[in-house]
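In what follows, subunit A forms one complex with subunit B and a second complex with subunit C.
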Partner chain A sequence: MGRASSLPLNLWDGATGNWVVSFGTQHFLIKRRGNVLELVLISTLNGVLYGLLLFLMASGLTLIFSMMGVLNFAHASFYMLGAFVGYQISKWAGFWPGLIFAPLIVGGVGMLVERFGLRNVHKNGHVAELLFTFGLAFVMEELVQIVWGKAPVDYRVPALLDFSAFTIFSTNYPAYKLFMLAISLAIFVGLFAMLTRTRVGLIVQAALTHPNMVAHLGHNVPLIFMLVFGVGAGLAAIAGVIAGPALVTQSTMAGLLGPILFVIVVVGGLGSLSGALVASLLIGLLQTFAISSNVSMADLFSFSGFAPQPNTILNDLWRVSVAQIAPILPYLLLVLMLIFRPTGLMGNRES
Partner chain B sequence: MSAPTTTTTPSAPMLEVRDLNAYYGKSHILQGVNISVGAGEVVSLLGRNGVGRSTTIKAIMGEVAPVGTVNFKGRSIVGLPSYKIARLGLGYVPENRDIFPTLTVRQNLALGQKQANVDGRWKLQDMLDRFPNLARRAETAAGVLSGGEKQMLTMCRTLMGDPDLIMIDEPTEGLAPLIVKQVGELISEIAARGLAILLVEQKLSIALDISSRIYVMGHGHVVFEGTPKDLAANADVRREWLEV
Partner chain C sequence: MSDTTASNSRSGETIRANPRSSALRAAGPWLLSAAALVALPFIFRSDTYLTVMSLMGIAIVFALSYNMMLGQTGMLSFGHAVYYGLGAYFVVHGMNWAIATRAPIPLPLMPLVGGIAGLGFAVIFGWLSTKRSGTTFSMISLGLAELVGSSSLILRTFFGGEEGITTNRTKLLRLTDWSFGSQFQMYYLIAAWCLISAVVMYALTRTPFGRMCNAVRENPERAQFVGYNPQVVRYIAFCLSGFFAGIAGALAGINFELANANLFGAAQSGTVLLATFIGGIGTFVGPVLGAVLVSYLQVMLSDITEVWQLYFGLMFIAVVMFAPGGLAGLVQMHAPVVRAGVIGRLMPSYLMAIVPALLLLLGVVMLIEMTVQLAVKQSEGPAMKLFGIGFNANQPWPWLLMVVLLASAYALFRLVSPRLSAAWDSARVTAAERGIVI
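Coming up: the complex of A and B.
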């Protein structure tokens, strides 16, 4: 039973020279000489989808950092926990109850972590907080392995959405992916409206930059911290629930995604929500396009007639395709960002 | 020169600080500060840069951990979180003009209220009517305001929370004379409405004008306490602890 090994969802099948768009148990073949427009359209859709999923997680991470000054290493673990809790509920009661209750449960776990963990550790300084979230990530991974094992679980797309929504040229685009897109968009819009239109949202915005001043005005800042941490964990859990059936629900999923989240938060600018959105989309598109392109240096310079000696390191490098280096592109971006613009795209925080 | 003695206010003061100590890491910044502010009283806390005036106020608000006695309206507030201290009716305008830069002027003022749309003695519309500069920018992000406008906004925002005692830290620092005058007028009006004020100032003129009592701090404790008249008459204290 084949599954895409990780986000993004386009895979290049080197053996046949065809594109395989894998989705759960379904694979869609695209002929090698498929339309460029088709490739661009599908990759854009996939890239935006991947980006929005990343944003569901990065938004909470950056809010938590900005407000509490805590870089939460366990954030991707809430994404993993969301997928597993969603899976468990889906086995008992179906996908839809899982979509509702898993984020609520994980959000509750997040609040408890803040209230009884972080808040106490906070007194001992930032390093202690960092180590705490670091340890928490391992604990959560171990716990998930004890309960659900190390092998991927069979988290399925709900039957209601298990069909192809439309066909572009030769690509069938799954309805479930459109659903993921819609959920991510709706949550993004909801989050934005909450932050800008409601009083609680305004207090959160104010606390992002001036938590002490907000407290001096009589607002219960510890409660706000707990809520934001809970909502952040819940958002990550939603990402887990909706991505779980499309990808692999496995205890390693947190470790795979965690580093990318940090890249996004740093590239976007620590504490900047709009920066996190831009960086999420950027990395989503970058990785999706990189993976779906099969260009190598050899292809780019084939016209020049230059070709390194066979069986040399140079020759090997020459033939590395963009798809193969796709996984390191985010980190390359991170390094470049730290060198040329340490505050990130939209960051204004010094430390 | 009077050593810190027991308070001279007749009934128990609204704010009573006794033997207050505070530390930044290992440095012992406040070394037994004694001050008190009665209901409706205007008191100034003077002193040179770095003597610990801001730290005194921060320790009262719980932003710096206080060691000693701090009573407000007859109850100890040592160890309370800042938001609970604020809810008891103690307002604080910090020295760095901490407006919320991404929120509009109106939103800044609205967040001064402890509960949505519950008016106290100060109403949002009154504030805007009083200060045309704020009214004109009511819907713009407060981050673009001038220094003087930011100062007005932070004071107005704290007043929106309807405090009974307001502590204002260096409101005129770095402001043009015209704005200094406006700030002075607002402080006078606050006093006229019966609020107690604890004012940290550099400018003697404002403090002498509006205060009923003055404390002078030097190196972590109070070195003088008296009326503005006492201070005006005491050239030694002024030379040793105030003038540069």
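Coming up: the complex of A and C.
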């Protein structure tokens, strides 16, 4: 289950008949004969939370794509960098300064990357730009390993939020998760309001589609591009800072999350912000619900008395539980989407 | 990338002039390569060299198959190792089956099993992923690679879990007294397949289909106006590329007598992309250069530094930023200047540029290695050795020296670069005056 280690993980305790659902370092117990409603409520909350976290990253990725026409392969690396910088600041000055300064620092790094890296590669075409960000992701993972090592770091939930907010039936829901939910929602609303309601947002939106016209009107388009790239990196870093204590902060976290982000932007439709939101929530809920169910084909059809030969592929498939296939669900969704709607949920861009 | 059309018209003229000499000219480089492949084990005799050269042969086939997509057809894939890894798995299962049933299949034919497996999966996955082009195609290739990678943890019977599946290449039917047990014999098997695959892949670039691939890369709309469906062209290129990746994977499976999940991991997909691009995607020989260089560096750098992957990544970024044509592109860039006989004019400024380049390299290596010493190797203390000089990484003077090196490299580059570009311009102008097409 190496690949699933950063996701909520399900374990069934056969002795007591309970389920232990682990979300990173948080564990909570679900009584086997307990309420189905309880499971649905908790999974929905966790799924929306995971989905909003994904959207924090996917939104920056989509904005940068609309702007430059290039998908930033290193976007998940900014998320990882955010978590590690936040962890470092939390060691020196506590969690809260980390929440403020880590995104600013990572946003600054993002701006430097755009100004001195991406902008120079632009003349060589989109493939070169994508490859540049690919190389950057490679280098950033190595650098993080050099500075913070390969083992997970001990990034803790702040003491202020380290209590259970409420109890549904027998499940304690941690306050920190509610905090994550609140931050994600606030940023989502703020971003949406800024893009659609303010002058700055209008200029950015115009620069995405008609950069030359906006430049003729006297705006500094390269500066706008640099700022949007920085804000995108900063948003990913916020996701990293708030997810770091709840999930595992490790140098592999970018590699684990990156492919899921790209699935989201393809499923949502490349360049569509609302599509990214729907796809993020869809994948968040899908994975969280899958993880809390350990039903397999063998369980479903146990009445039939059918049992495949051991050590066959059919037997592997027969006995695999839904929780075990949770890591591949986003990719199955991608395949289905490509078969039935190749442009994505809300995309119309045929690139 | 414009070389293909130019060389095409040239070779077209020579065919009319003298068919025999043109056939010789076409076959010449291949005969030379074959002779070199045969002779190499007698020059580099040690087992280490044989192992490295075997790895290079595998990497060459893999990189060439990758460039069928990236360089020839303009499709950037992040999951090409899927077909490589599946090729390895199928050949290992095929060999175990042949050993168990005593099927009369000799080892040298076994790579075809991997190739057919690669082709089969490329037919399925390519049908899905070539529906889209450009960036979306790249992301889909990544998603499919993750899908296969995760499935390997579920289908344990086939993929053998963490340990993978092993085999024994000496137990198959023998046609000669070669058992392929030694690395020396294995090298020749790999070299033979490498040469055959390279010839076939090169021949493909010369067919009308190969030209259509280039057309789809340059301008899919115009390709469509000519009457070809770009999606179909991409699909066929994808399938053929999967076939050769499968052959490369099969060679790896036979060479290691093992197939495990690392073979189709993201790292493997990344390595082939790095190697192909560093070598140069605009020419046929580029990926060969890249595969040889990267395989060599992987073995050599991992011996002398722990963070060799970081150097690797930095090298890749430098190539993307400053030499997007790769190594082969750099060589190709100088061809008109050499033909005009004015390469000498560039030499003085190149010699001058070597000084800041070395200073920069030295400074960067110092920065990385001293940081590694203090951060990763904390337990070993600050005492370290670099280029045979021992010093303490926690003292200020090595850091000061590093800053001085980097600063002087920057200053010297500023001084040299105007001279360099002036020399370059004058050489190109002269080449153009002497009637050499740039």
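Keep in mind that, in the parts below, the second predicted complex is superposed on the first by the 313 of 351 C-alpha atoms of A that agree within 3 Å, B and C clash if a C-alpha of one lies under 4 Å from a C-alpha of the other, contacts with A are read in each partner's own complex, and residues count from 1 in each chain.
Please note the rule applied: a residue touches a chain if its C-beta (ideal position, glycine included) is under 8 Å from a C-beta of that chain, and two chains touch if they have at least 3 such contacts.
Keep in mind that this is a model prediction, so the values were computed, not measured.
Asker: For A:S274, is the partner it touches subunit B (first), subunit C (second), both, or none of the two (neither)?
Answerer: neither
Asker: So in the superposed three-chain picture, is A:F262 touching just subunit B, just subunit C, both, or none of them (first/second/both/neither)?
Answerer: second
Asker: When both complexes are superposed, which of subunit B and subunit C contacts more residues belonging to subunit A?
Answerer: C
Asker: Give one of first, second, both or neither to describe whether A:L217 is in contact with subunit B, with subunit C, with both, or with none.
Answerer: First partner only.
Asker: For A:I325, is the partner it touches subunit B (first), subunit C (second), both, or none of the two (neither)?
Answerer: second
Asker: List the residues on subunit C that touch subunit A in their complex, please.
Answerer: Listed in rising order, the residues are 70, 74, 76, 78, 128-129, 131-136, 138-140, 142-147, 149-151, 153-158, 266, 270, 273-274, 277, 307, 309-310, 312-314, 316-317, 320-321, 324, 368, 371-372, 375-376.
Asker: Which of the residues in subunit B come into contact with subunit A in the complex?
Answerer: Listed in rising order, the residues of subunit B that touch subunit A are 61, 63, 81-83, 86-87, 92, 94, 98, 100-103, 107, 110-112, 114, 116, 157-158, 161.
Asker: So in the complex, the part of subunit A that touches subunit B is made up of which residues?
Answerer: 199, 202-203, 205-206, 208-210, 212-222
Asker: What part of subunit A is in contact with subunit C in the complex they form?
Answerer: On the subunit A side, the touching residues are 1-3, 65, 69-71, 117, 120-121, 124, 126-128, 130-132, 134-136, 138-139, 142-143, 145-147, 149, 255, 259, 262-263, 265-266, 270, 311-313, 315-317, 320, 324-325, 327-328, 330-332, 334-335, 338-339, 342, 351.
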